[in-house]
Amino acid sequence: MSAATEAIVLPDSVDVVEPGRANWSLRVGGVLVGLVVVVALVSFVWTPWDPYLVDGTNRLMGPSSSHWLGTDQFGRDVLSRLMVGARTTLYVGIVAVSLAAVGGIPLGIVMGMAPRWLQTVLVRANDLLLAFPALLLAIMFGAVFGASTTTAMVAIGIATIPVFARITRSGTLQVMSTEYVLAARAGGRSAPAVAVRHVLPNVTSLLLVQASVSFAIAALAEAALSFLGFGTAPPIPSWGRMLNEAYSVLAVSPLQALWPGLAIATAVLGFNLLGDGLRDRLDPRLADAR
Amino acid sequence: MSDPVTARTPADVTVGGAAVDGAPGDDHRLVVEDLSVRAGRLGLVHDVSFRLGRGERVGLIGESGSGKSLTALAVMGLLPEGLSASGSVRVSSVDHDLVGASDARLADLRGRVLSMVFQEPMTALNPVMRVGDQVAEVMEVHDLASGRDARRRAVELLAQVRMRDPDGVARRYPHQLSGGQRQRVMLAIALANEPDVLVCDEPTTALDVTVQAQMLDLVVRGAAERDAALLFITHDLAVVATVCERVLVMYGGHIVEAGPTRRVFTAPRHPYTRGLVRASDLGALGVDGTDGSLRRPLPTIPGTVPPAGAFPSGCVFRNRCERADEACEVEPPWDGLPGDGAACVHPYDPEDTAAPGDTAASEPGGVT
Amino acid sequence: MTTSTTPTPPDGDQPALLEVRDLVRDFPRPRSSLLRAPEPVHALRGVSLDVRAGQRFGIVGESGSGKSTLLRLLAALDRPTSGTIRFRGREVTGVPERRLGFLREDLQVVFQDPMGSLDPRMKVRDIVTEPLVAQGHPDRLGRLDELLEAVGLPARAADRYPHQFSGGQRQRIAIARALSTRPAVLLADEPVSALDVSVRAQVLNLLADLVDEFDLTLVFVSHDLSVVRRVCDTIAVMQEGEIVEQGPADRVTTRPEHPYTRQLLGAVPSLERALAGQDAAGLAAAAGAAAPGADADREVRR
């Protein structure tokens, strides 16, 4: 075969990408999220103080050598409560996002690959759900099932399903219009196989970003719900709960609000950066930049 | 910069004339000297020099990765973020160098002195603006016409690019036009201010052949009526031969050959040009091919174009060249006249102008 | 119409591999008026043709001619509004996907855009063997090396991703995938239009070699008459959803009967003619496009 034997030189990577950027957000995001995870894990075996220990004599103290971040209005150690609160945040985030992803991704793929009439019906129904505020749903759930961390995160998760479904659908439609899907169909691939082999991997980057954003939103929502009294019930610490409790003493001791606020900001920033970094990292076209 | 008489200025203007660098701007609409484009440390276009005379049509041909489009963008001062140009680009009616000029200064020149037609007419037009307004806008921006006057001129220009019902077309939006019509609108915009230099970057690649034929005709007429110099960038040898009097062949960011169209395509001197001409010859249509000539394999250039930064040192084509030897490891000098020759150590002999002794540098081991 | 649209078999004894009869495909247009239902776009208006085993059948047309629609229908990637397609005498139209195995095994497609037709997240190994996986073939990996070699790619290409290859190499990958099931018919949709001139020659040679070596029947769709004439022995010229002329490649390109074919032939820029003195005005005249606004009211789809 004459044409076939021509020398083929495989090129090295040609992509011109900023090599530092993906690494940077991945690293910083990883460190911040890692910090939250480590703190949550450590809290199982060790906290400086018992987070539930009420000490009437040491109320609203500033940072000191015995209480590094001070104490709250009941004399409980703030650092210990922050550490235990990290568990709640992670727990809520993971469960809510998993629920949203498990429900939303298949729905989104069906919404992108089903016959036209079914797509129309599902998309309209999804838009309806999307218009329903997550917090309102959580408050309703709280009213019906009683305020608890579990109720809050299930409500947040369910309310996030339409967001995932919509993002997945837009990605699916784009992938379905490519020639590689046509080629796969011409090669005899069935629709489910196309969904798993081509659609899913190619919408992953979109979903990762969405997951990290949703994770941050879920952490915030838990804080907001706890703050409003519809989330984590006292005395279990959660960052939102702590913020709520700090609110009543804001004028006397603003530091009480600063610590949980900082913790929430750190986690949210961490998850957002991690999502960005992961997206770039998982894209083989950008991977060579490493 | 470099001494114009020595080899490094490959293309010179006047087809037959010995324009050995008069003061730039005498008869030249565009003078480009030692133009280089870099992305950080990576060189993408290297020391490109050429001149365009009044009313001259010059083709810049090359494959993807040759640097032809970057050269055009650098001339227009439109390089994307992260790329920088060095060297010199001068236009006859402007008294300063375009390389290094401020954005504001360049913006004033673009659309007035220099204008460009891009490959993709859909993305080059504003989708939410009526096409008549877009043609009028380019005149208003440069204060050459305004208000009703500009609208009237816009309709005239649309008529000049042979738009049927120019009044009606002026009131339409880009998506309501066909690809060929959109490209003619782009041409009308480019010609609106009577530019000195018209740059066309693959203006017909996205068009059907029947529409392409008309577009090419309009480009040539539009430039000729204004006595504008035309720089026509394409990968299609047949198109360039139809449109241009002179061609520059680019490969790996270098001009590897330059000369009158007929000479370059009938007696190419650079092995790359020769390979390109042979590979693009699919056999003339309308000629009977029953003799089996069409069944023979096409001549090809072995290998593929390396990615930017992976071209060999010395002659950029030497890793794919059948004539390459050690002498090619240093950058080849220009062989031939400034405007008619090739950057090659072992050029093919021109069949008409025998030049024995041309390849004296080919002694093996002479340079290393 | 100077030639009939119903094909006249050159040698009637051999049954056609692909039989297309009165194929019509309408696409709905989005509604733009409350009162009037939109007129559909007629992409194909009754196309009939026969492709025989071993034939190299070229379909030429400009954008909007319906050539790509026809190719998708032939590959059963779309359903016609009416009309029939038979492959080896078996009905293809209206058959559910799960019973199209006979077609998927024996007919493969190479698409135009060598980047778009390869999943950017799959390694070459998985791309090339995908049809084999889909059809549950054993010994996929043994076949992989063979296929890569056949299209002139080194075995180590298998572990790379599509973006690491040049356009011509990607098209080789797509061709390897198409050949993986040892198909009898290869449909090629503008396979060299996105390639550089020097690479185009390589891929055209490769296709010619493979067609000979694997006894392929080729259906080659292109806008470029000179490419089609180079590759095919039979040419059908399409215009606005209809075949306006069909015949042996040499006859169609040297003695065209339909005015549109003549126009098309005149419009293709040619190095020979240009060097013989044809300028842009001459080309425009030959294309018959010199009349004002020749394409002013041409339908643009999508």
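A, B and C label the chains in the order they appear, each numbered from 1.
Following the convention adopted for this analysis, a contact is a pair of C-beta atoms (placed from the backbone, for glycine too) under 8 Å apart; a residue touches a chain by one contact, two chains touch by 3 or more.
From a predicted model like this one, the values you see are computed outputs, not experimental measurements.
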{"item": "Contact pairs, highest-scoring chain pair", "value": "B-C"}
{"item": "Chain whose average C-alpha position is farthest from chain C's own", "value": "A"}
{"item": "Distance between chain centroids, defined by C-alpha means - chain A, chain B (Å)", "value": "51"}
{"item": "Between chain C and chain B, distance of the C-alpha-averaged centres to the nearest whole Å", "value": "32"}
{"item": "Distance between chain centroids, defined by C-alpha means - chain A, chain C (Å)", "value": "46"}
{"item": "Contacts with two or more other chains, residues of chain B listed in rising order", "value": "297, 300, 304, 307"}
{"item": "Contacts with 2+ other chains: residues of chain C", "value": "166, 169, 202, 205, 208-209"}
{"item": "Multi-partner residues of chain A (each touching 2 or more other chains)", "value": "2-3, 6, 8, 11, 13"}
{"item": "Sites on chain B touched by chain C in the complex", "value": "63-64, 162-165, 177-181, 208-214, 216-217, 219-221, 235-239, 241-243, 261-262, 265-266, 275-277, 279-290, 294-295, 297-301, 304-305, 307"}
{"item": "Complex contacts: residues of chain A adjacent to chain C", "value": "1-6, 8, 10-11, 13, 15, 178-180, 182-191, 193, 197-198, 201-202, 283-285, 288"}
{"item": "Residue numbers on chain C that touch chain B, as the complex places them", "value": "62-63, 166-169, 196-202, 204-205, 208-209, 223-227, 229-230, 249-250, 253-254, 263-275, 278-281, 283-284, 286-290, 292-298, 300"}
{"item": "Contacting residues of chain C [partner chain A, same complex]", "value": "72, 75, 77, 97-98, 100-101, 104-105, 107-109, 111-113, 116-122, 130-131, 134-135, 149-154, 156-157, 160-161, 163-166, 169, 172, 174, 177, 180-181, 202-203, 205-206, 208-210, 213"}
